[in-house]
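What follows is a single structure, written as structure tokens, with notes after it.
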């Protein structure tokens, strides 16, 4: 029984029936556990999709009744699951206040609140958060190791990326201010924040075109900025790329004990026996 | 006679005349075979190009007669080729239901159908599929190995890319929902699906500008999203880059027997003798 | 007491009181020094943020009085700090004409000038330069090494990037001229500089859409240009990426004596004892 | 006297005066030669810049007289240089029909033609080609080696890039056809070529927004296309990146004799003595 990094290793109740349910809902190493996970995934998907559709006016007008019914059923199922999760473990607090426990709670409560209070526009966001439950299903997947590989690479190079972003932001603010002065507060560059918005849109090569330089001076500055952005984009790519390479080349350091002397093909840390990330 | 990965090694008919035709149309190691391939390539190109031009109104009005004649001739030639392909081999079913066999069939049948039924708008797509026949010509090219190299790199890193896309999609959905709420369902952000469309347009740095934030809050969120997108784009590049390097650095593992211990410059697997991909 | 590359090692005054102040404002290895740096960072941030807000009309109308008061207080504090910086060291000239000394001066003088002369529009830029003081705070951060790592990589590959930019600019000018002729000076392509602006917007994949090809010929050229740009973007990334790798792979060459034979994990140059950049 | 790859090693005339001129205009290893190159660079720059300005209407109206005079002077200078280049060498044909010789000729002839014939709109392009003379100046620069490094990397990976472009183009054509059908020939997607233009604009992340999907189906397809484009962009970067690394890592193969066994730090080929590219 491999533990997952997202899930605490709760102690199950001793009652054999509860223990079996515990095994099904917290793990995916049994057939029932796998089915349970797939069902959960489907419900999350349907539920998220319906919230989206509800915001499309002409669809909502037609099917709001159907939407309500389906959401009610799904929420009730989620509620039952939530209660079972609490019942089958000993240390209930540990689960309730864990990140996943809070997401589980958030994914059911807005529906009940909307029965009492009039539906708030803002609720849409809270109801979309239900989607985050998808991370629970990751016990199921082999993908976990690859996910950890990416996260590790980003974490290792985060300091370099922060530094880069700091320089970038200062550059963007200066460019924004310059552009504000050059375009003379006209043509959409009505204030420095607006000009900074333009600078970000430009340097990241998004280029909506809702604001774009009109004067010759502005266009000239824009050309400089774009060519700079074109060269600068190489930096974060270079950082992450180089990190990826280092990770997949060197013998991995062990995640548990930090031993970095493992062989390149080692599958377990030679110091502490922890399984080593595949690359 | 090297076999290609796209083509099955069909057993030719024993009749010497059919066998010679078989050699010409299925292989490109004879002069006639090469000419045949080049002629095929040309016909495919012309045919695809004409379908495109037909959709341009003012051109079609003028030349629709010419277009019809040329397409008819090409389709008849393709039909003859299709029949010859079937006649010259023993196991006809194997060819007919192979991927290339199906494409060959699809590339001739829409024309005949359009003679019977009125021309359907949707037919354009089916007729464009004829273009896929181009892959048949790859026997001709040395490029095949490089193609396989790229495909291999993408396949090897597909799991990491899937994971990345999953995170990206969840991020996009959350951003889309947030934007829907912040812009209050106005300014083009009329529903969550519309806002998600905007989020994709923004994060991938396409930036049409058909929908763009108008409120200060929306613009601020857009700035955050763009800067994130700018840093995130490094991830797929890093993944593929690192995979390319690994592939071209290590001694290649053999495609047939999986032996990964070949020398860096080995041209044949030392276990099974399979030719090894050049890098 | 580690010296920073941005700051000269000034000799402090011998007066013990001034010496203590010197320690606090020039270094961050005491508690008071750290607090001082954080306070400075906050003031810089607030001050920059206020200049931005001042340019937003409807905000400035309401709060211009408040803005003025806060800016005055911050400028007075900066002035006191500037005077203390001068008083506590022996060689005053060295500081006053150092890059950071000039920035410190520039960050206070525009305010006093604006009291005498009417506020000039152009002043906004000068006042935004105050933001550059943020670099002073870098003594505080461990981030310095990573910053130097990035700067080193960019410097090492600068020659390759210059060459690349030269080719790119010639390519852009030719494309711009071609487009000017093809679109016949209409549709926004009213002159070669305008067309060059379009070419830059296109090749860097910014794509505002304020100018875009209208004729068939123009669109065809645009397709070619975009596909080229798509392939070319790989070059700067490749250059920087490869430089990053080389730097983090090889034993670092020493920044002081240039010795390149240090071991991969060496923390000090084995020739001159200089600390070696972490990667 | 190092020969450059762009310039043939012409045999100079034996007349000592002509020989000295030969040295000045064909090489940059003397003081006069360097001055000559810099003067040439300046003239090319001024001349190109003026052609650009001439296309800006309101400037041309004012200064057309001045522009004509300056262009005449520069063209006369270029003509003298062209004649000297021919006079000072023995094998005149070799120079006249070399790439640089042709560019030199093209950079003077349009001016004289425009004196006889009325100025043609198309001439702008021909006159801009004068800019290509800039490549002549590369003898001057150390940058040549870096330029060759980039060109070599692109050439080595060209086959992989061609393959990639082929797949990309087929993908683009299919997407374009699909979009034409989905949007039903409306909203700017009026023909398959127009839709292909849109597909290129989207996949390369340029995103002008002159054509963008309006129907739900079209937007959905656009989302898929953009996410694909986002992942695919990694491929050319990966190809070139990996090539750069390989080139700068392995001992360089000799450009002249192809010997690939040189040491990593070798500066001359150990087989034929050719200078080896620095990396």
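By letter and in written order, the chains are A, B, C and D; residue numbering begins at 1 in each of them.
One rule holds for everything that comes next: a residue touches a chain if its C-beta (ideal position, glycine included) is under 8 Å from a C-beta of that chain, and two chains touch if they have at least 3 such contacts.
If you want to know which protein each chain is, UniProt gives these names: A, B, C, D = Voltage-gated potassium channel.
No experiment lies behind these values; they were computed from the predicted model shown.
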- [ ] Determine how many degrees of rotation, between 0 and 180 and to the nearest 5, align the Cα atoms of chain C with the equivalent atoms in chain D.
- [x] 90
Open item on the list: Same or different interface residues for chain A and chain B, judged by whether over half of the residue numbers are used by both?
Closed with: different
Task: Pair with more cross-chain C-beta pairs in contact, given B-C and A-C - done: A-C
TODO: Write down the chain pair in C-D, A-D or B-C that repeats the interface of B-D; the criterion is over half of the contact pairs matching by residue number.
DONE: C-D
Open item on the list: So, comparing C-alpha centroids, which chain is the farthest one from chain B?
Closed with: C
- [ ] Using mean C-alpha positions as chain centres, tell me how far chain A is from chain C in Å, no decimals.
- [x] 31
Open item on the list: Please tell me the distance, in whole Å, between the geometric centres of chain B and chain C computed from their C-alpha atoms.
Closed with: 44
Open item on the list: If I count partner chains per residue in chain D, which residues reach a count of at least 2?
Closed with: 193, 196, 205-209, 233, 237, 239, 241, 245
TODO: Mind listing the chain D positions that touch chain B in their complex?
DONE: 159-160, 162-164, 166-167, 170, 173-174, 177-178, 180-181, 184-185, 190-193, 196, 202, 205-209, 212, 216, 219, 222-223, 226-227, 229-231, 233-235, 237-239, 241-242, 245-246
Task: Complex interface listing, chain A residues touching chain D - done: 205-209, 237, 241
Open item on the list: Per the contact definition, I'd like the list of chain A residues that touch chain B in the complex.
Closed with: 48, 51-53, 55-57, 121-122, 124-125, 128-129, 131-132, 134, 142-143, 146-147, 149-150, 153-154, 161, 165, 168-169, 193-194, 196-197, 200-201, 203-210, 233, 236-237, 239-241, 243-245, 248-249
